[in-house]
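Letters are used for the chains, namely A, B and C, taken in the order the chains are written, and counting of residues starts over at 1 for each.
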C-alpha cells in the first residue's frame, strides 16, 4: 500500500469532496426542517400539533377516556429515583389503563443529545423527564403545556412555588414544562469534623461573611492536617449563580427575547472576589470541584454545597454524621433551581390528553411528594408542606427541613438556547479565577463577551 | 476458474486473459474477482463513511444547529470562527501534546518489552498475558479503577508516592498533571496491543537471519538494530500510523476520566471539543468544520509518515 | 530460540530481563487485584485514610447492588450479541478486501486504499448525526441491525490483514497458480490457511474495538432491551460516582468474563501468531 503514488488518491479525494458540494447530495433532513434554507425556528417541525393548543383551545373534555392508549416515555433519572419514577408511572398505567413504554435515556447530557436527534427525525417520545426541557418545547414554539394548565383544571398553578414555574418558562414567552425532580443546593457539613474543630453549629452562619469566619475556625484547628479543607462545591456554576442573585445581580436580562448576560457588573465582581478569597485563604481547593464530592465523603472537607438530592443518597452511607444548614447569602437569601422537568413532546394530537393526564398524575401533590421524599428532590406544591408524610420526614431527617425551608426563596431565570454555554463560561471563568489567571473583572468580562457572541450568532 | 492456470507473472499470457485499463495491463479474472471482493467493503463504506461525510462536508458550510434547527449557508464562517477561537487552538495543542507523548512512549515501550519477551525466560507466557490483559478489558470498567487510583485523598497512588518519599500529586485534578495521568492510564491500557504486534513481527523473523548475524559476532545490541529492527519496519510503520490516527481521535478515556475537560480545560482534546460543539452547544456546522480540519491534519500526518516510512524501506533495500 | 543458547549465554542479562518484566507485569496486574479486593469493601473501608488495601470484611452486597441498579445480564447479552455480529461481518469483509488489495491487480486500488485509510480519520462523533438520520430513514432505530451495521468499519482490520497477507512469499502463490488455482482458490488454499494467526489477531482486535462502543448504541436505541453494557456502566457511574466499591463490583463482573475468555483464547492466539511465521 505504500508504493502507490500518493498524489493521485489525495487529489481524487479532494475532488470527491468538492463534488459532494456541487452535486448537492442533499442531506435527508434539509427537507425535513423546511424547504427554505433560511429557517430560524422551524415551527413546522411541530406540524399541526402545535396549532390546536393555540387556536382551538383543547376541548374541556379532560375526562376523555384515555384507556387503551400507549405512551412512550424517556426519563433521565437513574438509581433509586429511576425506580421510584418507574413505580409511580406503573401506578398510573394501572389506574388509567394506559400502556407506558418507559426507557431510561441516560444522564442529562445524553438525554439532550437523544432528544435533539429524535426531534430531527420525528422519533421523539411522547413524554420526557429531562433537564432543560423548555428548550425542546417552547424552543420549538410548542407551549401546549402552558395552554393546558390554563384551560384545564387538572393542574393547580397557584399551589406551585413561583420559582418553579419560572423554571418551566422559555424566553419569557410562557410555561412549556411541568416541574418535577427539582433540586436546589444545600450546604451539607461534616458534623464530626466540625465538632472536632470546636465549631458550634447551634447557631449556623447566615451570611457568607459569617460563613467565612466559621471556615477560618475550621482551618485554624486543623492546621496540622493539610488534607482538610473547609469548603467546596461539586457544581461551582450553579452555586455561583445563586450567589450572584443573592448579591442583586440577575445574571441575564431578557428584553423581549433579547438575552443579555450581565454577570460582569459590579455586584457580580463582588461575588467573584469573595469566591477568590476562599481560595486565597486556603479554605477551598483551587479548581478541584470535580473531586469535591469524594473529598467530602472521605471526611476531608467540612462543608460542601451540593444538590438536595444527596439527602437521600448520602444519608446512612457516610462514615461521619451528616448535617445541613441553609445556604448562606449576601444581601438576601436566594437559590437557583436545578433539576428536571416533564415535557410533552408528542406530535400525535390524539395522545395529548393521555400525556397530559400522565404528567398531571406524576406531578400531583400526592405522587410528587412521594417522589420528592424518596429521592431528595423537592416537592413542587406549597401544600405539600402540610402533608403528614412531609412532616414525618422532617421529623426523621432534619436535612429535609433545610431543603424545604429554602423553597421559599428559590428562583430561576428563563430558559434560553445558550444556557449550557453560559454554565461552561462561568465554570471556566471560575477555574481561571481560582488559579489566579486574571482578575474577577477581566475573567467575567471575557465570559460575558464570549456568551454574548454565542447568543448573537444565530 | 482454473482455466487461466498457465498465467504466470513472468510468462507472457494469451491476449484473451488480459485486459487493458487506463494504460495498464491487468488479468481479466483478477480484475473481476478483485472488484467482487472489494464490493462488500465499498457497500459498508458508502453507508458508514461516504454518505455521512458528504453531509459533514456540506454542513461545515452551514450554521446548522441541532437544537434550534437553524440551517443557513454561511460560507467559510465556521472555519474562520475556529481558527480565531482560543479553545480550538488550546484543544489542538493538548491533542498534539498527548499524541506526541503517547506515540513515543507507547511505541518505544512496546518495542522494548516485545524484545524482552522474545527471549526465553521463565514465566514468559505469564508476563505476556499480563501485558496484554489490560487491552482486552472494557475501557469504561478499567477507567473506573484508575479514577480511584488517582483520587488525591483516598487513592492508593498518593499512598505509594508517600512510601517512596515523593511528594503527593493531585493527578486528574490539577491542570499540570491531568493530561499525563490519562496518558499513564492509556499506556497501561494500550501498550499490550503493540507488544503483540511487535512480538508477532519478531517471531516471524527467520532464525537463519539471527543465527547468521551471531556467527558474524554481532552483539545483542547490534543484532537488534542491524537485523531485527529493519525487518520490523512494516510493523513499526503500521503501529505508528495507527498511533497517529488513534491518538488524534482519542475520546473515550478522556470523556470518562474528566467529563468536563479537566482542570482549566487541560484535558480537553480536539474530539472532546467537537463533541462539545455538536452536542452540548448543538452547533453541528461548527463541529463538522472542526472535524474536517482534524481529518485534514491526520491525512497530512499519515501521508507524511508513509512517505518517510517508504523512503526508509528503500534505503535498506 | 533453542534452550542451549539461553543456558550458556549471558545468564545475567536474562536475570535483568526477568526482573524488569516481573516488576512491570506486577504493575500491569495491580489494577485487577485492586479491583477484586475493593469490590468487597464497605463504604467505610473505601473512605479510610490511609487507603485500606484488604477489605475489613468480605462484603458481597456490592454485587447485588449492581443487579438492583441495572439489568446487568440483559446488557451483557446485548453487548455480546452485537459485538460478535459486528466482528464476524468485519472479518469476512476485511479478509476479502485485504486479499483483493494485496494479491490481485485491478485498476483503482491506490484510490481504494487511500479512501479506506481516510475512513479512519473521521471521528465518530461527527458522522453520528448524519448516520442517525440515515438510519432513522431506513427504520433502523431500536433494532440490532441499527446497532450493528453502522459500526462496521473495516479499514483497520483490512490494513492489519494486508500487512500480514503481504508477508506471504510470492513463489507460494505462483506455485498455487501453477497447480491450477484461480484467484479465489489462492485465497482459500494459500492465503487464509497461512495467515490463520493473523486472522485470529485481527478478530480479537476487532472484537475489542467493538466491545466498548458507547455513544452510538445509546443514540440508536430507545428501549432498555437493546441497551449494551457500556451504557449500563455509565448509568451506574452517574448514580454512584462516589460509591467506588459498587463500581468495582460492576467492573469485576464486566472484566472477569472477558479475562477468562482471553486466557483461553490467548493460547490459541499466540500459538497461531507463532505458526504464521514464514520461517524459511
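The definition used in the following text is that a contact is a pair of C-beta atoms (placed from the backbone, for glycine too) under 8 Å apart; a residue touches a chain by one contact, two chains touch by 3 or more.
Small disclaimer: the values here were computed from a predicted structure and weren't measured.
Interchain contacts join each chain to each other chain, per the touch definition above. Compared on C-beta pairs in contact, A-B and B-C come out with B-C as the pair having more.
Centroids of subunit A and subunit B (each the mean of its C-alpha atoms) stand 38 Å apart. Here the CA centre of subunit B is 14 Å from the CA centre of subunit C. Counting partner chains per residue, subunit B shows two or more touched chains at residues 51, 53, 55, 59, 66, 153-154, 279, 299. Of all residues in subunit A, those touching 2 or more other chains are 1, 6, 10, 27, 113, 117, 120, 227, 294, 298, 300, listed in ascending order.
Under the contact definition stated at the top, the residues of subunit C that touch 2 or more other chains are 47-49, 101, 109, 115, 118, 129-130, 133-134, 159, 234. Subunit B contributes residues 51, 53-55, 57-59, 61, 63, 66-73, 151-154, 170, 172-175, 237, 258-260, 263-265, 276, 279-282, 299, 303, 306-307, 309-310, 313 to its touches with subunit A in the complex. Subunit A contributes residues 1-3, 6, 10, 17, 20-21, 24-25, 27, 30, 33, 37-42, 45, 109, 112-113, 116-117, 119-120, 135, 139, 227, 285, 287-288, 290-291, 294-295, 298, 300, 417-418, 420-421, 424, 427-428, 431-432, 435, 437, 454, 457-458 to its touches with subunit B in the complex. Per the touch definition, subunit C reaches subunit A in the complex via residues 43-44, 47-49, 69, 101, 109-111, 113-115, 118, 129-130, 132-134, 136-137, 141, 159, 162, 218-219, 222-224, 231, 234-235, 238-243. By the touch criterion given at the top, residues 1-5, 7-9, 21-22, 24, 26-27, 29-31, 33-35, 37-38, 40-41, 44-45, 47-49, 51-53, 55-56, 59, 66, 113, 116-123, 125-142, 144-146, 148-149, 153-156, 159, 162, 188, 192-193, 196, 199-200, 203-204, 206-208, 220, 234-235, 238, 241-242, 245, 249, 251-252, 256, 271, 274-275, 278-279, 284, 287-288, 291, 294-295, 298-299, 302 of subunit B touch subunit C in their complex.
Residues 1, 4-6, 8-10, 12-13, 27-29, 72, 74, 78-79, 82, 101, 103-107, 110, 113-114, 117-118, 120-121, 123, 125, 227, 293-294, 297-300, 317-319 of subunit A touch subunit C in their complex.
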